[in-house]
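These are the structures in question, set out in turn.
There are two complexes below, and they share subunit A, which is joined by subunit B in the first and by subunit C in the second.
And then the complex of A and B:
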């Protein structure tokens, strides 16, 4: 387990990973800019600096020293003694300043060696790996099995003979606190070690220490900086805890922990003796923790996270007014590629308008924050039972189009235009209204079967959930079993009864995607949206999964939108092809026409790529369904088949089940 | 599964063995337990010192001392205490119960609250429940545990004095003399647990809440959540099976790793509330330079920590099917 544990348990906030860290000078400048614009950062930095300054200069400057005994015993705060006095007549402000000085100097003396040890240990462990890594990490584990407070108290008490100094105390704490830093740095170094540029440096003969300093160190630096702040906070808390127990700083010197300890029975009677030293600790640690958090935010800004269950989603999406304006403004943002001159923007009007299943009208999806127009003025219609392909390269807006259609756009997206399904507008539905559509009339298949299924649920539970959601009541296990096995066999899964009780990670990618396909036809939907369903799969199983998909679709007679970037895949599968580029529809044509007479230059480019791909060195691999169009321009090199192949023979599936 | 658990058990025993060596080496090398005796004025006769050295086994070479000590520990004999009347094993046995009661209760309460707060925080990201919980966590993280303990104790005393009733127990883990009768005794113990548990819970709540929040946010981002919504599952079910359940898994590891922290916190809490638990035993032993008690103490706490880590490790395997797969390979 190499989970880095930051001091004070703040690790979960420490950013997504090493790759996000700034490694270049400009990235640091951006981080500094972000930091300086963050009010929390500025306030916490001011507080920390002020307290450090007070600790360093406050003692000598203040009229009383921490050893001065004044005649005022147990005085509450007054003009002469702003923090009051203790029972012996010491000025509390002088004591707190002295305590702050001692606590902070120990904290910094702890943080420095602990950081050095942690960073060196972590980099060496992560970079060298093997035995060295094992030794260092086992040592870390061992130290972590012992309660640090007990060990520190013990060492503190043993060092009493030699006269405990702030230095020895710091070393004891540093020896205990370096472990969290080491874990963190090791984790990051380990992943950097896998990077190509590190390999390159090794191949070029750079020495290991040099690589560690030149390549690894800069990449862990941001996380180290954040951790140091937390480490200082932890050190202050540990030192004051030890002094409180009597094993840290001892009288006549003082520290904040000792002051609280002295006042522990008078917290109610003489609160000033208790609260001022306590507040000094709290304010400092709070400020330094916030400083660390601001640094983390500046160095590794959070990306906006999606919460698809957010109840406010619907409200934020209400932007039907002014839709045309939005999309046009987006169109001028320089991103959209103009349609060929003299040609109108193709609207997809090949389906008779009387009874379309799905009708998208002037759809726009805009990300105002990023100034990106993901989908621009897109219209399409889909007849019942019709199969269309939405083709385009990554980032062309294909996925955004269908996500908009099913109401699941990411955070920050603004929708304009209209989506109608069987004549009903889908633009302003709440979660429960959507449920009557999603998963019952429209099924969606996502790109990556590795992540679509819940890793902690069995296949059976996925079917059970879907069947229960559909029927609205509990479905008997035997019934779930029967339906699930039937559907799984329909999509070509062998040994379905056994697979039913397996977890997703126990199945191959092809198998998982078939399960997703089987789940998709559970409700006998009228529309299936398949978002690059085979892209994440091994080439050798792509064709067979496509077979299963087409067979499944045909069995329920659903219409389908098949999203892909690969024209070769769609030839035998679909009736029509819609080509998208930069958020716009650039061409819409029946599949044969498109292959024969591509009108838009972009379509021609896409088509030109198809034969090249198919003549690749891998052309011996199972053929994808390239349908040779009737005309000469059609991809001729492919060993295509002329029409949608029927569901494949079970023999072939057995073969797949054997090895994928 | 069984094989992998067996492996984990063996591994834990090895860790325990290694930590016993580390503990023994540290404690033996850190100083001479008879230093005070040697420096006494007038000087103690060398024969007395030699006899004491022999009684404590200090005249043997270090490895042999270790072997004798560990062999004794395995038989439940922790060696001689500086104060001859003290039976270390019996003392540790009695006190570990007292401390574990506090630690385990605090841990469960902290987990429940942290999961609740972390889920609310993660699901209401950057809105007022999250912002206030986040600020609260940062404040809690900055509060020294001893300060909090003193404040609660004094607050308890003040409430008792003001109301004239004993609303809170503020001293010890049970009434002196002990209450008789099973139910009254249990009630008495529970009453004494309240304030120390609150302190220990507050110490760990903040970090665990932050962790659960991060885990919840990660879980919300998962593709299978999106897919569950697209399959038309009810919101509550998506939340339960696809967000909350996967998000609970990482916390188990963290809680296991934080066990030593709970013990550290217990030492301070027990000191403030004057419990006769493990904390007081350690501090007394340290003041008396009672090496064998310290050794025994560290061994018992290391065993508790290792045992607990083993438990969370096994639990992790039971809960997360992906971990189970590692066993087949």
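And then the complex of A and C:
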């Protein structure tokens, strides 16, 4: 088995990937594709472009100029004057176009220098860190303490005699508004500084300016583009506000803010002079904010609000159960179709058919949108108390199989086939029925303990919540404490009472995973699903966590499905091994048989690829632990201790040894 | 005795914590590490997270300023205070990091990624031949050049990272857990690839891993690290068969073997012995505080 390196197979069955875009596309091209499919984006982009176009070309094209005085005084909107006229006979449309032009040119003159200053300052501060960062950020803090309206009005009144120029006003606003951009860019740059590709560039000998331009800038750019739109909106509003108060643009020139200001007394008698410029401000700012929002969605599609996702999820689950029934019927009619040649589909018939705990029959998981068949025609049976390993590499469908079994398939997945737990069909349960089963009879342990634990809750609170959810009422603190300590000791956590009030981030990775294991056995489940529970951990820690997991599982007598890509890991842990490849089961056998006589070529490859301790020429020597094993029986503690005198004590390492 | 390619003596790195209104405390991330390696050799560095193996690498490379100690590369001492000296060293050393998702800039094509070492080193001009050679070496097709990192799987990205490390034909490649985040099957492919590259180019490797089994398959010599100190060093075969330090024994006892009866025996034994428990009964000697 070698990795497919042909261009056609560059991304082999990785489950739901990004939305179908052009085959070889940069992140930009993918974002553009997403943007062009978003109706809000297209509408807001159209409105913004139309208004910019009107501001630039509208004035000269319209029959009246903003200085023309027509004989029609205070006319309401008509065919000749679509926006009406003011008291002096100026055509309002010409005035609004002129005002829009002034407002937008100020917004542009503000946004451009503010963006430049903010991006450069932010990148330099975030990337250089230390003193430079401190200086720039304290300057930003200082500017943020200045009330911007007060400063601008002060400058406006000092310059009242000469009248503040458009340019000066823009520069003042830019000097005040660059700070938000700088803060944002600094934050992003700080995290990019931690990326390994920056270290790689440093180790090539690249200079700091080069790294900032080539690596940091392109990676902050998507965030910058989004906030530029917001900055333009803010600039338009600030200019309008200042002009309205009389500190911005002064007559005879005009801006949207000034127009609103001039018409404020006649808003009731001649509403058209007031509402049209006001509407122009609102429409432009709204459109540009929506544009920014759509850009953000196109560039960072993952930040969808949870609520939205939840509703979609529930809907998709119902849909998928519906389709499950139909495709099951289809599956039965098509049962006569033989298995693909050369690949016999092994049926997992090693468990007696009477009373299996979990029974999966002809399970299929498909992502129609991506045209990916994640799991294909998979059947397995699990007896009560049995421990089974599901082995395969990433993309083989092993995670999708168990997610389907516990009703947690991602959005867009289509399920077919049948899943039965203790004789009860699980494929058409609703959300609440699922909750009852998942909370009490099936426990799930995921790869990354940090995502399973809530970072703002202490260990104690996690146990309290779990116990409360299980019993349905509040459990007394003393009782929680007693149970928690008992469970934590059962999974080999020392000094459990001390750790009760620690937060997840204060614990090591192995300790966190053991807490997750302890939480998983609280309801005394009948089935534990462990999805690569030790992949993120060091080998030594992995060994201890596996010890804990097995001890915990045995203590409640649960059955377990252990998902992994490493065959060696499960050799001593499980009763049976199921090997998956490309969504199909390729081999299922009791553990000793599978290791001694792997039948499928893929299993043989997997087994051959397992890293083993190479002992050089005398590979016949027994394993180290076996040499020391005799000492383990001796009364004098463990072999490690007995074999070598402990080196001198160090208080500092006391703590470290306590963690794993 | 041939001249060592890399000689590290007494390398120490202390970090001081900076917290307002609190006393500064020192973290002994690396204590007096000394080792030598010859050209074309693979040196394994093994230990758990927090054992200082990554600090050792980063300090040798000059990503951290060493607190004390010297590094001599090919007869010349690296002066970490001088940028020119560091750059000369970097030009002859390649690096491959653990996480192939973070080590490739997502905004650059593979072509740009592979050209970067050349252009930083000031080697302009047509690079087609060099790119082709590097891709051949890591067994990727030329069509990969126009693609972006996100279009590749983890193993393929790691191949790209290795190709980048090979661009300047380094005499030493530092591999920081190059296979830890990969599936077992892909791990084996990458290890095979690294082996074949070494056979062709005689490049020396420093191979960091937490997995003694992986190290025993690839390395000639091995350093075992714990708590910022090298607790054991020697030829791999010797360390694996006759471990001297209790921590090495612990590492060995943690390696699962693909043999169910032996595995069950090992797990049963772990449960009874001290190695299975969390508390270590031995202590390291304190780190000599070399604050001046």
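What we mean here is this: the second predicted complex is superposed on the first by the 464 of 660 C-alpha atoms of A that agree within 3 Å, B and C clash if a C-alpha of one lies under 4 Å from a C-alpha of the other, contacts with A are read in each partner's own complex, and residues count from 1 in each chain.
Methods note: contacts are C-beta pairs under 8 Å (C-beta built on N, C-alpha and C of every residue); 3 or more make two chains touch, one makes a residue touch a chain.
Nothing here was measured: the structure is a model prediction, and the numbers come from that model.
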| item | value |
| --- | --- |
| Partner chain in contact with A:153 - subunit B first, subunit C second, else both or neither | first |
| Contacts of A:71 with subunit B and subunit C, given as first, second, both or neither | neither |
| Touching partner for A:237 - first (subunit B), second (subunit C), both, neither | first |
| First, second, both or neither for A:215, with subunit B first and subunit C second | second |
| Subunit B versus subunit C as contact partner of A:251, first or second or both or neither | neither |
| First, second, both or neither for A:195, with subunit B first and subunit C second | second |
| Partner chain(s) touched by A:144 [first = subunit B, second = subunit C, both, neither] | first |
| Partner chain in contact with A:39 - subunit B first, subunit C second, else both or neither | neither |
| Touching partner for A:523 - first (subunit B), second (subunit C), both, neither | first |
| Those residues of subunit A which subunit B touches in one complex and subunit C touches in the other | 1, 3, 5, 10-12 |
| Interfacial residue positions of subunit A with respect to subunit C in the complex | 1-3, 5-7, 10-12, 14, 24-27, 195-197, 199-206, 210, 214-215, 218-219, 393-394, 492-494, 509, 538-544, 546-547, 550, 565-569, 571-573, 591-592, 595, 605-618, 621, 623-626, 628-629, 632-633, 637-641, 643-644, 646-650, 652-654, 656-658, 660 |
| Residue ranges of subunit B touching subunit A (in the complex, touch as defined) | 15, 18-19, 22-23, 26-27, 30-31, 35, 123, 125, 138-139, 141-147, 150-151, 154, 157-158, 206-208, 210-211, 213-215, 217, 220-235, 237-239, 241-243, 245-246, 249, 253-254, 257-258, 260-261, 263-265, 267-268, 271-272, 282-283, 286-287, 289, 294, 297-298, 301-302, 305-306, 309, 319-322, 324-325 |
| Subunit C residues touching subunit A - in the complex, by the definition given at the top | 28, 48-50, 61, 63, 86-87, 90-91, 93, 95, 97-99, 102-109, 116-117, 120-121, 139-141, 143-144, 146-148, 150-156, 161, 164, 183-189, 191, 210-214, 216-217, 227, 235-238, 240-241, 243-246, 249-267, 269-287 |
| Subunit A - residues contacting subunit B, complex | 1, 3, 5, 8-13, 138, 141-151, 153-155, 157-159, 161, 233, 237, 240-241, 244-247, 257, 260-261, 263-265, 267-268, 274, 278, 281-283, 285-286, 289-290, 293, 305-309, 406, 408, 431-432, 434-435, 437-440, 443-444, 446, 448, 451-458, 461, 465-466, 469-470, 503, 505-506, 516, 519, 523 |
